[in-house]
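Next come two complexes built around subunit A: one with subunit B, the other with subunit C.
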Partner chain A sequence: MHAFWQAITLQAGYNTALVCVGAAILGASAGAIGVFVLLRKRTLVSDAVSHATLPGVALAFIVGQLLFEAGRSLPLLLTGAAISAALGVLAVDAIKNHTRLNEDTAIGTVLSTFFALGMVLLTVIQSLQVSGQAGLEGFLLGATSGMLFSEAVLIAVAAGIIGAALLLRMKEFTLLCFDEQFAATSGYNVKALDRTLLILLVGIVVIGLKTVGLVLIVALAIIPPVAARFWTDRVPVLTAIAAGIGATGGYIGAAISASAPDMPTGGVIVLVLFTLFVISMLIAPARGVLAAALRHRRFQKVVHLRQGLLSLAHNEPVLEPLTARLLRRNGLLRGDGRPTPEGASLAHKTAQDQLLWNAYKQQAPEEALLMKDWSLRPIQEVLPPDVVKSLQDDLSLDSAPSANTLRSPL
Partner chain B sequence: MTSTASLHSVTHNGRRTDHEAAAANPFTVQGLTVAYHQKPVLWNVSFSAPVGCLTAIIGPNGAGKSTFLKAALGLIPKLSGETSVFGAPIKKQLARIAYVPQRSSVDWDFPATALDVVTMGLYGRIGWLRWPGKRHRAAAMQSLAAVGMQAFAQRQIGQLSGGQQQRIFLARALAQDADVYLMDEPFAGVDAATEKAIVDVLHQLVVSGKTVLVVHHDLETVRDYFSHVFLLNGQPIASGAVEDAFTPQNLQKAYGGRLASTQLQGLAAAAPHKA
Partner chain C sequence: MDIFLQFDFPSILLGVFAALSCGLLGNFLVLRRQALMGDAISHVVLPGIVIGFLFSHATASWPMLLGAGGAAIVSVLLIELIRRLGNVEPGAAMGVVFTTMFAVGVVLLEQTQTAGVHLDVEHALYGNLESAIWLEAYSWRDLFNLSALSALPEDVKLLAGVSLVLIVTVLAFFKELKITSFDPLLAASLGISPQIFGLLLIVMVAVAAVAAFSAVGSILVIAMFICPAATARMLTDSLKIQLWLSSLVAVFAGVAGYLAAAFLPPMLGFDGSVSAAGMIAVVAGLLQLAAMLFAPRYGVVWRRWHLQRSS
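Let's look at the complex of A and B:
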């Protein structure tokens, strides 16, 4: 615990501090890029990218060993990883574009083939009995314990550059993800934008190999945006939150791993991210599970109250216990089952509103069916004024109850 | 077929300059052929949109109406054909084009508000490395107001009804402030009031000199909404002013047996007085 506290407060030595900060920057960049990969509905591509790095890493090690007797040079290994990842992406695109197979199938084929090739090459390297090969296994599951100072700097700087590149083109990426056809007709080169996004993804995957490992790096690009999606409905905010979650996961994960060097860094980071995901899923106010349950409860009350008021307007008795309780609690119903003056007035207004809603449903049945607010809120709050006006004209009502007078008492 | 367009471009001394010819041809497609999996969908289609007019592209299901727009815009691969906008290749003139895709072509659960989507219509003018500012948001609000949606600016787009989503798409196109508007089925699945609101906006566009081309499938409303039609069924059938081209004979050619003769009579009977 003491070791973990030292690591997380950046007091466990310069090297460990740098590894933690580097992992945080890596997590932030991967999370931010993941937002657009998620919105582009290409999350699985990141899995293909990461698995396709392995043969490149292995080949780069062999080449480095043969030429310079220094196979473990990180820049060399990462270059090899980037090249084979790019080949993997091109292979996926080629299969998708030139056959009738869909992207999932193409990804499955490419991912397993590249990974298989990488594993075979790793076995070959083991049989070569050369020095320095022990570090290669770190690329599978991630290991920060033996990381050199220069390697940590490389990871931090490269991840920072990739994150900054993403921010510069965020507006265009948003357009690409939402409406590709509109982007193309607005004069943007959609293919180039798509490729830029993929290059950034390949870049962050390659940078993250050493820290998180190729099996789990995909989680860094997927979990933060998915968790962030619970919190917001705006792309810039989503990107910021995803980057924050990614950074937190990377930082805490690296700190834990630094204080307990036997633990695989990648696994620890992913577990921290998963914890943040669960918290987001439960408590996020925008789309979280608890918020949804509360909203459902409130919705139930709105429905009951509305139906109770309509019963009152039609001089029908309110028999349903929850409805009667709600009406009484809001001072709309007396103990003897008769409406109070406020209750009668509100019931009348609600009935008028309902007439408009019914007219709308007759006029546009499909629309009304799909509309989640149909007849639950005053019609002016839901439909544009010109629609309401034409409904009023059709029914020759003088004016609909205004939104103010028809405020639901909840 | 292009007679309507060329009528306006004859100058007083009878000679047409290149500039005037270009101004008279806001959207011209030459010899467009498109095939899906070796099956031709469009075959040698040429068409020139009459300048400053509201034109409906009509034809039966599978006639290639949407494909025509997409291929002409370069959104899907074509076997042959050229599109020119005001006399220049379309690729160089995209700033003068506003395209409204089908509403179903995007995922409305996307994290964006109505205002965000309309602001996308301004991205081309905002340029690289810049963010939409106050001025752009004000312009987007104006477009929202033009379709009666300003009260919904901050609403998440997934919470809007189909008709409201279609209005948002139209507002985004208005924000582009283009000269040629191309719309794919803007009336699909919208309520009557939205349909009327959209038609009003289209008429305003035409009044201010814009050229508007709309993929449309409701034959009943063609006469009420549009001044020109382009009948298409894989190949061009007819095009021109509604009273000249929207005839029972042409409809029979485009729709074959799919329109009962009583329907044809009904559509033809709605014809206004003829010279």
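Let's look at the complex of A and C:
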């Protein structure tokens, strides 16, 4: 526990602090890009991208070893990864567009055969018996323990640049996700935009290989946006929240992994992200489960109270237990099932209100049908006064209850 | 020849059975646009396999199969729960669940290493095709000798049994699987429940993924599911022919992939061998590439050629 606090307050050595900050920047950028990948419904393409990096890493190692005797150089390995990931993306598109096989099949094919090729190359490297190959295993599941200072700086800076590039093109990407045709007619080059988004995705996947590993890096682009979706419907806010969730997950995950033995960085970051996802799903006010349950309960109350008052106005007994309980709690119903004086007067007013609503529905059925508040709130609160006046004249009610005497039951 | 029979033959059997059982089911996954279900399931079974392994301390054991089946069921429920509660699109819900389950498996694996148990991460990702040996075999006649056959490695026997069960099930329910895959509405109106056969297919996929897992690893299972079926799909329109073709492709990839991995590097002057499971998947991928390019009627090259001739 002590080690964890040291790591999370950035006091467990310079390298650990840098790794944590780097993972946070990585998480933020990946989460932000993931938003647009999610909105374009291409979530699983990122899975193909990440698996397709393996042969590139292995080939770059072999080339580096043969030419410069320095296969482990991170920039070289990441360049190889980026090239083979880009080839993977092109292959998915080519299979989808030029054969009868669908996108899912294309993704699965590219993902598994590229990965298999990488595996074969890794075993070739093993049989070459050269030094420095131990670091390659770290690309599968992520390892930050032996990371060099320069590598951590490279990752942090590159992730920052990719995040900034996304911010610059955010408006265009939003347009691309929601209305591709409008974007095209507005003079944007849709194809180039789509390619740019994929290039940014490939970039962030490649940058994240060393920290999170190629099997799990895709989680950084999937989980934060899906979690952020519970909090808001607006794209800029969504992007900010996804970036925040990604950053928190990367930071805490890297800190935990740095402070305990046998905690693989990638796995821990993903578990932290999933925890944040579950929290979002439960408590987010916009679309969370708890908020939805509360909204449902409030709606139920309004409907039950109104139905109860209408029954009272028609001198019918209130038999439904929830309705009776709500009426009693609001002091509208006595223990013996008779209305209290307040209950009786409110029931009368509600009945008149209902008459007006019914009249409105007959006059303008389409508008009434589209109205969310139809017969749920007093009509004066919803419709303009002149409409209400004309309805009253039609029904020849001498004086409708005015808005301040008829208070909404809730 | 003895050495081939004792060391190479059981590995080839493993590869062939794994490719066959996955490849057969892959046909239906590809038809239903559920190709990535194989991907998701092969990832989510990892924590179940690790927990099963902790109980039994052996690969290819019943606790491992049970654990994997449990994990598959848990994740199907989780995906459904997240979709319902969160209004999330299916692909994203699947992505959330399979990465999380795989992460749980990876963290558990690393923890077990401290406990001194041997099941390492590479094994889970790459499989362990080459470890199968059949020391009791002295000649090809032992293939018909029950006592020698019973000495085959547990992996091989398990996978052979699973393949047999899957083949029989697919044959028995061929009509139902076909109708529910092509036209769920028609199936429902004929009294064949698409839900039940959809679930049956998922269960079979999970069983095949788990059984093949210890041979070829969790990621190459995906190649086994997709490549043979996709290759066959490029070549024919008839499902029956597609099933035969995909089985043929799977068996060929299993044999040729292993042989290439074991004997190609020495021929090229390399010392040692390369990953057989990886090579099998590469061969399957190359076959698919060839089919996509040169298949009659549907291949890219064929269509270009016809376009030029007609214009």
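Assume the second predicted complex is superposed on the first by the 308 of 410 C-alpha atoms of A that agree within 3 Å, B and C clash if a C-alpha of one lies under 4 Å from a C-alpha of the other, contacts with A are read in each partner's own complex, and residues count from 1 in each chain.
As a convention for this text, a residue touches a chain if its C-beta (ideal position, glycine included) is under 8 Å from a C-beta of that chain, and two chains touch if they have at least 3 such contacts.
Only a predicted model underlies this, so the values are computations on that prediction, with no experimental measurement involved.
Colleague: Which one hits more subunit A residues, subunit B or subunit C?
Modeller: C
Colleague: Could you say whether A:Val387 touches subunit B, subunit C, both of them, or neither, answering first, second, both or neither?
Modeller: First partner only.
Colleague: For A:Ile161 in the superposed arrangement: first (subunit B), second (subunit C), both or neither?
Modeller: A:Ile161: touches no partner chain.
Colleague: Figure out whether A:Ala184 sits in contact with subunit B (first) or subunit C (second), or with both, or with neither.
Modeller: It touches subunit B, and subunit C stays clear.
Colleague: With the two structures laid over each other on chain A, which partner does A:Leu238 touch: subunit B (first), subunit C (second), both, or neither?
Modeller: first
Colleague: Is A:Arg229 touching the first partner subunit B, the second partner subunit C, both, or neither of them?
Modeller: Both partners, subunit B and subunit C.
Colleague: Per the contact definition in the header, classify A:Glu172: touching subunit B only (first), subunit C only (second), both, or neither.
Modeller: Once the two structures are laid over each other on A, A:Glu172 reaches subunit B alone.
Colleague: Output check: A:Leu310 vs subunit B and subunit C. Expected answer is one of first, second, both, neither. What do you get?
Modeller: It touches nothing on subunit B or subunit C.
Colleague: According to the stated criteria, A:Tyr360 is in contact with first (subunit B), second (subunit C), both, or neither; which is it?
Modeller: first
Colleague: Across the two complexes, find the residues of subunit A that touch subunit B and also touch subunit C.
Modeller: Residues common to the subunit A contacts of subunit C and of subunit B are 41, 229, listed in rising order.
Colleague: For the complex, give me every residue of subunit B touching subunit A.
Modeller: Contact set of subunit B toward subunit A: 70, 73-75, 94-95, 97-99, 101, 105-107, 110-113, 116-117, 120-121, 123-124, 126, 128-132, 148-149, 151-152, 156, 159, 161-164, 167, 172, 176, 189-194, 196-197.
Colleague: Sort out for me which residues of subunit A touch subunit C in the complex.
Modeller: So the residues of subunit A touching subunit C come out as 38, 41, 43-44, 47, 51, 95, 98-102, 104-105, 107-109, 111-113, 115-120, 122-124, 126-127, 129, 137, 140-141, 215-216, 218-219, 222-223, 225-226, 229-230, 261-264, 266-268, 270-271, 274, 277, 281, 287, 289.
Colleague: Using the touch definition from the top, list the residues of subunit C that touch subunit A in their complex.
Modeller: So the residues of subunit C in touch with subunit A come to 30, 33-36, 38-39, 82, 85-89, 91-96, 99-100, 102-104, 106-107, 110-111, 113-114, 121-122, 125-126, 219-220, 222-223, 225-227, 230, 233-234, 261, 265, 270-275, 277-282, 284-285, 288, 292, 298, 300.
Colleague: Which positions of subunit A touch subunit B when the two form their complex?
Modeller: Within the complex, subunit A contacts subunit B at residues 39, 41, 168-169, 171-172, 174-175, 177-179, 181-182, 184-188, 229, 232-235, 238, 360, 363-364, 366-367, 370-372, 383-387, 390-391.
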